[in-house]
Amino acid sequence: MTRGDLISLLPEMILCGGGIVVLLLDAIAPSLRRGFTALALVTTGAAAWGAWYAWYEAPSDPALSWNGLLETSGVTYALTLVILLATGLCLLASQGYLRREGILSGEYHALLLWCATGLVLMLRATELLTVFLSLELLSLCLYSLAVFHRRIAVASEAAIKYFLMGAFVSAFVLYGIALVFGGTGSTRFAEIGQALAGMPEVPVTVSFGFLLLVAGFGFKMSVVPFHAWSPDTYQGAPSPFVAFLSVAPKVASALVLYRLLDAVVQAGAPNVQVKWSGVVAALAVFSMVVGNLLALVQRDIKRMLAYSGVAHMGYLLLALVTLDRSSLAPVIVYLLAYVLMNAGAFAVVSMLYSRPGEQHLISDLSGWGYRYPLLGGCLAVCMLSLGGIPPTVGFVGKYLVFLNAVGDGLVGLAVLGVLASLIGVFYYLRVVYVLYMQPEERQPEGLLIDFWGRAAAVLAALGTLVLGIWPGGILQWLLETTAAK
Amino acid sequence: MLDLLWLIPILPLAGAALNGMLGRRPPKALVTAIGVGAPLLSLLLALGCLWQYAQGHFPNDYPNTLYAWTAGPLGSSLNIDVAFLLDPLSAVMLFVVTFVGFLIHVYSVGYMGHDPGYRRYFAYLNLFMAMMLLLVLGDNYLVMFVGWEGVGLCSYLLIGFYYEEPFPPYAGKKAFIVNRVGDAAFLIGMFTLIAHFGSLKYADLFPRIAQTPSLVQGEYFAGLSLAGFIALCFFVGAMGKSAQIPLYVWLPDAMAGPTPVSALIHAATMVTAGVYMIARTNVLYQLAPGVSQFVAVIGAATAIFAASIGLAQTDIKKVLAYSTVSQLGYMFLAAGLGAYTAAVFHLGTHAFFKALLFLGSGSVIHAMGCEQDMRQMGGLKKALPQTYWTFLIGCLAIAGIFPFAGFFSKDEILHAAAGRGQWVLYLVGLFTAGLTAFYMFRAFFLTFHGRFRGTHEQEHHLHESPAVMTIPLWILAVGAITSGWVGLPGDLNWLHHFLGHVVRRPAGQGEPAEHHVSAFLLGLIALAVAGAAIYLAYRFYGGDRGLEKGRTWAQRYPAIHRLLANKYYVDEIYDRLIVRPLAFLSGFFWKGVDTRVIDGAIHTGAAATEIAGDVGRLSTTGNVRNYALYFFAGVILLFVWLIL
Amino acid sequence: MSVPISWYLLLAAVMFAIGTVGALTRRNGISIFLSIELMLNAANLTLIAYSRQLAVHTGQIVVLFVMAVAAAEAAVGLALFIAVFRQRHTIDLNRINLMRW
Amino acid sequence: MEMLIFLIFAALALASAVVVVGHRSPVYSTMALVVTLFSMAVLFVVLGAPFIGVLQVLIYTGAIVVLFLFVIMLLNVGREEVQPSGQRAQAVMAILGAVVFGGLVMLAVSGVQAAAFPQLTPEMVSVKGLARELFRDYLLPFEIVGLLLLVAVIGATVAARKPPQVDVSSPDPKESEP
Amino acid sequence: METLLDLLLGNSLTRLVFFPAVACLPLLFFPRGSDRPVKIYVLIVSLIECAFGLQYLLTHLGPDGAFPVVRDLGPGGAKIPWIPGLGIHYDLAMDGISMPLVLLGIFLVPIVLLGSWVGIERHWRAFGAALLLLTTGVLGALLAWDLFLFYIFWEVMLIPMYLLIGVWGGERRIYAAVKFFLYTMAGSLLMLIAILWMAWTFHNLNGGVWSFAYEDMLRLQFPVQQQIWLFAAFALTFAIKVPMFPFHTWLPDAHVEAPTGGSVILAGILLKLGTYGFLRFALPLFPQASEVAQPLLVTLAVIGILYGALVAWVQTDMKKLVAYSSIAHLGFVMLGILSFDLVAWQGALLQMVNHGLSTGALFLLVGMLYDRRHTKKFEEFGGLAKVIPLFAFFLVFSTLASVGLPMLNGFVGEFMILAGSYRALGWPAALSTLGVVLAALYLMKMLQLTIWGPLTKEENRGLRDLTGREIAALVPLCVLMLWIGVAPNPFLKPSLPALDATLAEFRQGLERTEVAEATLAPHPPAPSPTPSLPSGRGGEKSAMAMTGVGR
C-alpha cells in the first residue's frame, strides 16, 4: 500500500467515511437528521473532487493501483462522476420523501453512500474478486434500501424479490468466476485476455464462465431475459431510491460488461467474435422489443419506467455488439443521459405520488402539468428525452449508439432499434398528454414538494436539455478520453 | 390611342373593384356611374383603338406587352407575358363585346334597378367585361385562358346571383364544374404546346407551324397527330365554354341568372369564346382535318339536338337558351368546315340578335313580374309594343329571313357546307334552320299573340319597360338587321377580307376544293324553309288556341314530347353515369380505403402491438421463482448458442 | 490413486445443478436461500479444485471472501425474511405477489 | 486413499444436498446442509486447503447455519404444502433446465484435460502463504469485505427492526408548490 | 459562443431562427392568466420577426431579383462547429428554395395569432410559447445546411405541434396528436439511420473525418442499390410529412382536431417541409434512386391528387374537406417535384407558398365560423352569405384561389407544375389535370353548402360578421394571393437560380456512371456563399454581389 494507492482510493474513502459520519451523527445527534441530505451531498461533491484528484494524480491513463486491482482512467473518472450524479439526484429527491413518510434517518444516507462506494469500486475494479465483492457490497446496500420503507408491504416484497434474485444470480456469478479462473489461471481481466489470446481455442468452461458473468451483470442492468425482477422492485421500493436503483447499478454494470466482453473478444480463436456478438445482439434485441412492448401496456408509471429501462439497456447493448474502443463513448453518453432523464423522472414521481403503497397510476397525473408547471415540465422533458427526441440528451445518447451500430454494419439492428423506440415514443407521450391534455381527475393530497426535490427535478431536466443542445464539449472530452489507450 | 389598348380590360376591372369596395350602402347613382361608366369608357377606347388600327396597322398585328408573367433567363424555364394583341379577329370580337356589353349594362340599369344586389351585380358584370376582354385581347393562350376562366367565374357568380334561392347557386356550380371539365382539356392542349414549342404566344406558334407543318404532323397520340391532339383538346375546352354536346347541360340551367346576364354572357359573348378560340387556332385545325370534321359533326349534332329540345320548352328563357346552344352548334359547324370567317360572322350577328331576344324576353319578364312561363303569357303585343317589335326583328333575324343579319351569316355556313360537299351536314343545318324558325316563332306567338293567360294581377301590372331598357333594344335591333351586311355573299364580303389575314394557310395546304354551288339558290332554299317553318308556327300557335294545339300534338306523340320536354334525360343520364358512381367511389375511398384499409391497418398494427404487450406482461407473474427460471432459461439458451 | 480434477468439477457441477433445482422449485424463501448456499458451495469447490490444480492461492482467497459474503448475505437476507414475515405472515413465495404484470 | 475419501464424501455431499433441496421441512433441510458443508470441508482439506476447510466448518456450519435455524424457528416456518397446480410447470421446467444445465456443464468440465494435480508444497498448504498473498495482493478486497460486513450489520438492522409507528407527518403546506 | 451571440444580434439567419425561441423566455414571467398581455406580446414578437425576415430578404436580394446562397458563418468565413468531435456544424444557410418558405412561415405567425385570438381560451402563455418554438423549429429545418442539424430541427418542431393539437384541440385531440407524432416519427427515425449510414460512408471515405454537411453529402456517390435504400428512408419520411397517399390519414385527423392556429401552421408550413425535403435532400442526394422511384412516386402523387379530391368531395365536415384538399394540392406539388423539370419545380415551390396562403386562409375562415357556431358541419350552415357577407366574400376569394382560378395564386402554381410535368412526364400530368376539375367539384360544394342557398338554420340568423381583427388576419393573405396570381414573376425570380442549379446538379448526378462502391466526388468548384454578416468577420464582402447563381 503506497500513497498512490491511497490517493487512487480517495473517492471511495470519502464516500465510505461520509457514510460512517452520517451514521454516527444519527446515533449521537438525531436532531440533525434534516441536515443529513446536505451532508451527504457535500460528501458526494467531495467524492467527485476526490475522483478528479485521483485521476489527476494518476501517473498514466489508465493507471493501476492496489496491486493492479483498481484502475484510474478517464473512463472510470467519467463514470464515477455519472454515478455520483445519480447519487446526488437521489439524495435531493429523497429528503422530501423521507420526511413525508416519517422515515428520515441516517441509515438511508449512509447506505446510499456506501452503495455508491461499491459502485465506484466495481466499475474501477480490474479483477473478478474485487468486482464480486463490490457487487455484493452494493447489492446488500440496495436490498436494505429497498426495504427501507418498512411500513409498506410492497417495499418488503420488492426487497425480498430483489434479494432472492440477487443471491441466486450471485451464485451464478461466483460459479462463473470459478470457471473463468480455472480456465485461464487468473482473475484479472488483463491476464484473462492475454491467456485467451494465447489459446488456440477457448475452453468451453471459460466461455460458460463468461456467459454466467455476462448474465449476472445483465441481471444488474435488467436485460431481457434477466429483467423480470425490475418492475416489481421498482414499483415497491421507495421512489427516490428507485431514481438511484434504476440508474446507478446499470452504469457500473455496463462498464464491467464492457470489460468482460473486451477480455473475451481478445481470444484469438475464430468464431468467438461472432458468437459473442450474437449473444449481445440477442440480449439487445430482446431487451428493446420486450421492454418496449411491456412498457407500452403499463398503467403504473414506475413499472412503465422499469420496462422502459429494460428497453434502454437494449439500446445501450447495441453499442457493445461489435466491441471496440469506440463503443465506450456512446455507452458513457448513453448512461449519462439515462441517469439524468430516468432519475429526473423518478424524482418527480416521488414527489407527485403520496401513497407509496399503492399503484402509481399514470392517469393520476391528469392535468397536473398546469397545477405543477415546474415539476410537470421537468417530467415532460425527461419523458421526451427518454423517447429520444431532440434537443434532449436522450437523443444524443441514442444517436451515438445508433451511429456506432450503423458504423459496425448493424443496420438491421439499428432499424429494429428505431422501430422499437417508436413504441417507446408512444408511451412516453402518454405521460405528456396525461399531464397536459387531460382534465384533472385527482386533487393532490399529502404531497410534500420541497426545495431539494424540485432542485433534483430541475437539475435533471436542465441537464437533459443543456447537454442535448450543447453535447459538443462533453462529447469531445469523452472521445479524447476513450480514444487514449 | 392604341398604346392604351391594355386599358380596355383594365377599366371594367377597376370598375368592378371600385364597386366592390364601395361599402354596404353606397348611393345608387355612384354605383351606376361606375358600373356603366367603365364599360362606356372601354367602348370608346375600343372604338378609338379600332379606328386607329384600321387606319394604321391593318392587316398587321398590333401587340401590346404589359409585363412578364413568368420569365427566366434560362432556356428551360417558361416565358409568358401578360400581353395584348389587336388583329382583325380580336378587333371584331372587341367591337362585339364592348358594344353589346355596354348596351346590356345600360339595359341592366333599368332591369336591375330595384334589386338589393345592385352594386354586387354591377361589380360582377364589370368583372365579366374585363375578363371577356382579356380573353379576346390576349396575345397568347395563357391570357386567353385567364379570361376564359375569369368569365367562367363571373358566369358562376352571376348565375348564382340570387343566391338566397336554392336553385341559382346550384346552377352556377354546375356551370362552373362543367366548364372546368372543358378547361382541363384546354389546359392539356396548352401544356402540349408548351412541351413542344415552349411558347403559348400566337405570334410564335402559328407562323412557325404554318411554315413547317411537319412539326405537328405524324402520329402523336392514339392515332392523332400533334395538331390533332392539340386541336381536340382545345375543342373539348370549347365544348365546355360554348355548350356543345356533351357539355352543353349547364347552359339551360344558367338561365337562373338575371336576364341581362343571360343576354350578355350566355348568348352574346362568353359562350362564343369557344368559337373564337377555334378561329384563333385555325392553323392547327387546318392541319387536323379529322378533328375539324369532328368539330363540324358535333356542331351540327348540337344544332339539331338543341333545336329539337327547344321545340318543347315552355320557359321563354329556356327556349332562348336552347336556341343559343343550337346557334353555337352552327358556329362550330362552320368552324369545323374550315369556314372560320363564317363562324365568326355568325358569332357577330348572333351576338346582336340573341342579345336582343334575351333582352326582349327580359323586358317581358320584367313586365310580367318575373314570370317566365310562356303558358302564362300571350297577347302582350298591346302592352309592350316596343318590345314586341324588337323581339319580332330578333326572331326574323334568327330565323334567317332576308335581309336580317341571320340570313347572311347562316347562309354562309350552309354555303360552306354545300361548297365542301358535306351534304349531310348541309341538310342537318338546313333542317335546323327550319326548326329554329319554328320554335322561335312558337315562342313569339305564344308570348305576344293570342289572349292573355296570366293572373289578373299580372295583367293589371303589365307595362312597357322604361327607356333605359327599350333604347338598347332598339339599338340592338338595328344591329340585328344590319350586322349581316358586312358579310354579303360573294366578293362583297367585307368581313371575309378583313378576317382573311387571320386564317393562315399552312404551307403545302392548298385552298380547299370548292364545289360551285349557287349562293343564290342556296339562299332561296334556306329562305323557303324558314318561311315554311314560320308559317307552320303561325298555324299552330298564331291564334288564341295555340297552346291547346300544341298540347294536342304533345298528346299525339307522348313519348317524343316527354323526351323533348325532359331534354332527352341527359341530366339524369349524367347523374347516373358519372356523378353517382363518382360519389359512390369517393365514399368508398373515404369510408373504405381511408378508414377501413389504411387506418384499419394502422390501428390493427397498434392493437397487435398492444396485445403483444398484454400477453407479454403476463410473464411478470409476481412470483420471483418464475423470474429466476427466466434467468436460468436465458443462461441455458445462450449457452446452447455459444457451444453450438 | 489420485482423483482427477474433473471429478471434483463434476461433483461441483452436480451440486450446482441440485442447488439450482432447489432454488427454482422450493416455495419457502428460506429453503430457496439454503439451495443458494448449496450453489455457492459448489462454486467454492470448483475454486478450490482449480486452485489446487493451478497451485495458486487465489482460489482459496476467493473462497475465503465468499464465506464472508455468504455470512453478510445471510444476515441481510434473513432480516429481510423477518421484515416480510412481519407484513405478510408468510414467506411462501407463491403468495408474495402483490406486484405483478 | 484420496479416491476413497473423495467418493465417500462426494456421495455424502450429494445425498445430503438432495435432502436439502428435497425435504419439505426447512429444519431438516438445514440439518442436511450441515452435512453437505461438512463433507465439503473434508474435500477442501483433501484438496490441500485445510485452513479453508476449517473456516468452512466454523463459519458456515457454525455461524451461518445457526442463523438459518434461528430464523426458521423465529418465523415458525412449517412444512411446505404440495405444489399448487399453477406452479407445477415451474418445477418441471426447473428440473428439466437443471438437467440440461448440469449435463452441459458436466460435458464441459469433463472435457478439462489436465495433468494430475501438482505435488502439494508446504507453501501451498500453509496459512502463511495464504495470508501473505491475501494481505499483499488482495488487500483491497479485504478492505471491501470490512465495509461489506458493516453494511450487512446496518442493513440487517434496517430490515429487521420494527417499523417506526410514526404517523405520516403532515406535509408543510408552505413547501408545496402553489 | 461569442460568434453565436454576434449572429443573434446581427441581421442573420441565426437571429431569424432563434429570435422566437429567445422571445419565449419572457413568457415565463407573465403572471398566470394574463391572457391579453401575452397575446399582445406574442403578436409584437411575431411582427418583429416578420420585420427581421423582410430585412434579411431585402439585404440579400440581388439586383436582378435573384436570391443568392447566404450563410451564417463564423470568424474568417469558417463554419461554426457545434459538436466538433462528430464533425457537426451549426450551419444555417438560405437560398432561393428555402427563402420563400421561410418568409411564408414567418408571415403566417401573426396571422395565426390573430386567428386564434378568441378561439384559444386556455393557457395562452403556453400557446404563445408553442407557436414561437414551432417557428424556430420550422425555420431551423428549412435553413439547416447540415443533415444532423436538419434532423434535430425536424424533430424539434414535432413537440410544439403535438402540444398545439393535443392541448387546444377538439374532441379526439389526443388521438390526432399522437397519430401525428408517431407517423412523423416513424419516418424520421428511418431517415436518421440513413443519415448515419451516409455519415459513416463519408467518414470512411474521407480518412476518418466526420461531416454531415450538405455539400459533403452531395459529394457522396452510392451504388444504385444502396441509393435506393437511402432514398427510401428519406422519401418515406418526407412522404409522410407531405403527406402522400397512402400515408395521409394522419392529416385529416390532425386538422380536424387541431385548433385553427394549429391547422393554419400545419397546412401552411409544416407540410411544406415534406416537399421541401424532397427538393432539398431526397432528390439531389440520390439522383439515380430518384429516377428509379419516379414512376412509383409519380403514381402516388397522381393518386393523391385524385383521391384527395374525391374524398374531400364527400366530406360532411368543413375542416375535413379542406384537409383532404390539402392532400390533393400537395399531390400537385409532389408531381411537380418528381417531374425533374425546372418549370415544374418553379411551380411546385410557388405552389407550396400558394397552398400556405389559400389553405391557411380557408382554415382561418373555418375557424372563424367555428368560433361563432362551434360546429364545422355543413348541415349546420347554408345561406350564410346573407348574414355575414364579408365572411362570404373572403371564403369565396380563398376558395377560388384554392380552386386555381387564374388571376389568383393557385393557378400559377398549378399551371407551372402541370406544364412542366406534362412536358417531362406526359400522361400522368394530363391525368392530374383532372384534379383541377375535381377541385372545383369539392370546393364549389363547400361554397354551395355554407354560404349559398336559403338560410335554413335559425341559429345562423344572428351571426356576427367578421371583426376588424379577423379582417386584418385575412387581408394580407388575400392581397398576396392576388399579387402572386396577377404578377407571379417577382415571386418566381428569386428562386430560379437556386432551382436551376439544383436541377443541373441533379441531372449531372443522373448521368453519372454507376459506381460499384460508394465513392466520394472531389469538391465541386462552387462559388463561396455570401455570409450573413458581411462586415468584418466574414470578410468576403465582394462575394455578395457575385454569387447570384448557384451554391
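By letter and in written order, the chains are A, B, C, D and E; residue numbering begins at 1 in each of them.
Rule of thumb we're sticking to: a residue touches a chain if its C-beta (ideal position, glycine included) is under 8 Å from a C-beta of that chain, and two chains touch if they have at least 3 such contacts.
Keep in mind the model is a prediction, meaning the values are calculated, not measured.
Novice: Counting one step per pair of touching chains, how few steps separate chain D from chain E?
Specialist: Contact-graph shortest path, chain D to chain E, evaluates to 2.
Novice: Comparing centres built from CA atoms, which chain ends up most distant from chain A?
Specialist: B
Novice: In terms of CA centres, which chain lies closest to the overall middle?
Specialist: Closest chain centre to the overall C-alpha centroid: E.
Novice: Based on mean C-alpha positions, I'd like to know which chain lies farthest from chain C.
Specialist: Relative to chain C, the chain with the farthest C-alpha centre is B.
Novice: Quick check: more C-beta contact pairs at B-D or at B-E?
Specialist: Result of the comparison of B-D and B-E: B-E.
Novice: So how far apart, in whole Å, are chain C and chain D when each is placed at the average of its C-alpha atoms?
Specialist: Centre separation, chain C to chain D: 4 Å.
Novice: Can you check how far apart chain A and chain D are, centre to centre, with Cα atoms defining each centre and the answer in Å?
Specialist: 28
Novice: Counting in whole Å, what is the centre-to-centre distance of chain B and chain C, each centre being its mean C-alpha position?
Specialist: That gives a centre separation of 97 Å.
Novice: Let me have the rounded angstrom distance from the C-alpha centre of chain A over to the C-alpha centre of chain C, please.
Specialist: Inter-chain centre distance comes to 26 Å.
Novice: If you look at chain A, which of its residues touch at least two other chains?
Specialist: In chain A, 129, 133, 136, 140, 143-144, 147, 150, 156, 159-161, 164, 168, 172, 182, 204-205, 208, 231-232 touch at least two other chains.
Novice: Please list all residues of chain D that touch 2 or more other chains.
Specialist: As it turns out, chain D has residues touching two or more other chains at 87, 90, 93-94, 97-98, 101, 104-105, 108-109, 112, 138, 141, 145, 148, 151-152, 155-159, 162-163.
Novice: Listing for chain B: what residues touch at least two other chains?
Specialist: Where chain B meets two or more other chains at a single residue, that happens at 617, 620, 622-626, 628-629, 632-633, 635, 639, 643.
Novice: Show me, using the given definition of touch, all chain pairs that touch one another.
Specialist: A-B, A-C, A-D, A-E, B-C, B-D, B-E, C-D
Novice: Taking the complex as given, what residues does chain A use to touch chain B?
Specialist: Interface residues on chain A, with respect to chain B: 160-161, 164-165, 168-169, 172, 204, 207-208, 211-212, 214-215, 219, 224-226, 228-229, 231-232, 275, 278-279, 282, 290, 293-298, 423.
Novice: Which residues, counting only chain C, touch chain B once they are in their complex?
Specialist: Within the complex, chain C contacts chain B at residues 20, 23-25, 27, 32, 93-94, 96-101.
Novice: Using the touch rule from the top, collect the residues of chain D that touch chain C in their complex.
Specialist: Within the complex, chain D touches chain C at residues 2-3, 6, 10, 13-14, 17-18, 20-22, 26, 29-30, 33, 36-37, 40, 43-44, 47-49, 51-52, 55-56, 59-60, 63-64, 67-68, 71-72, 74-75, 77, 80, 83-84, 87, 90-91, 93-95, 97-99, 101-102, 105-106, 109-110, 112, 114, 116-118, 120-121, 124, 129-130, 133-134, 138, 141, 145, 148-149, 151-153, 155-160, 162-163.
Novice: Over in the complex, which chain B residues touch chain C? Could you list them?
Specialist: Contact set of chain B toward chain C: 617-618, 620-625, 628-629, 632.
Novice: Under the stated contact criterion, what part of chain B meets chain E in this complex?
Specialist: Within the complex, chain B touches chain E at residues 67-74, 76-78, 82, 142, 145-146, 148-150, 153, 156, 160, 163-166, 169-170, 172-173, 176-177, 180-181, 183-184, 187-188, 190-192, 194-196, 582-583, 585-587, 589-590, 593-594, 598-599, 602.
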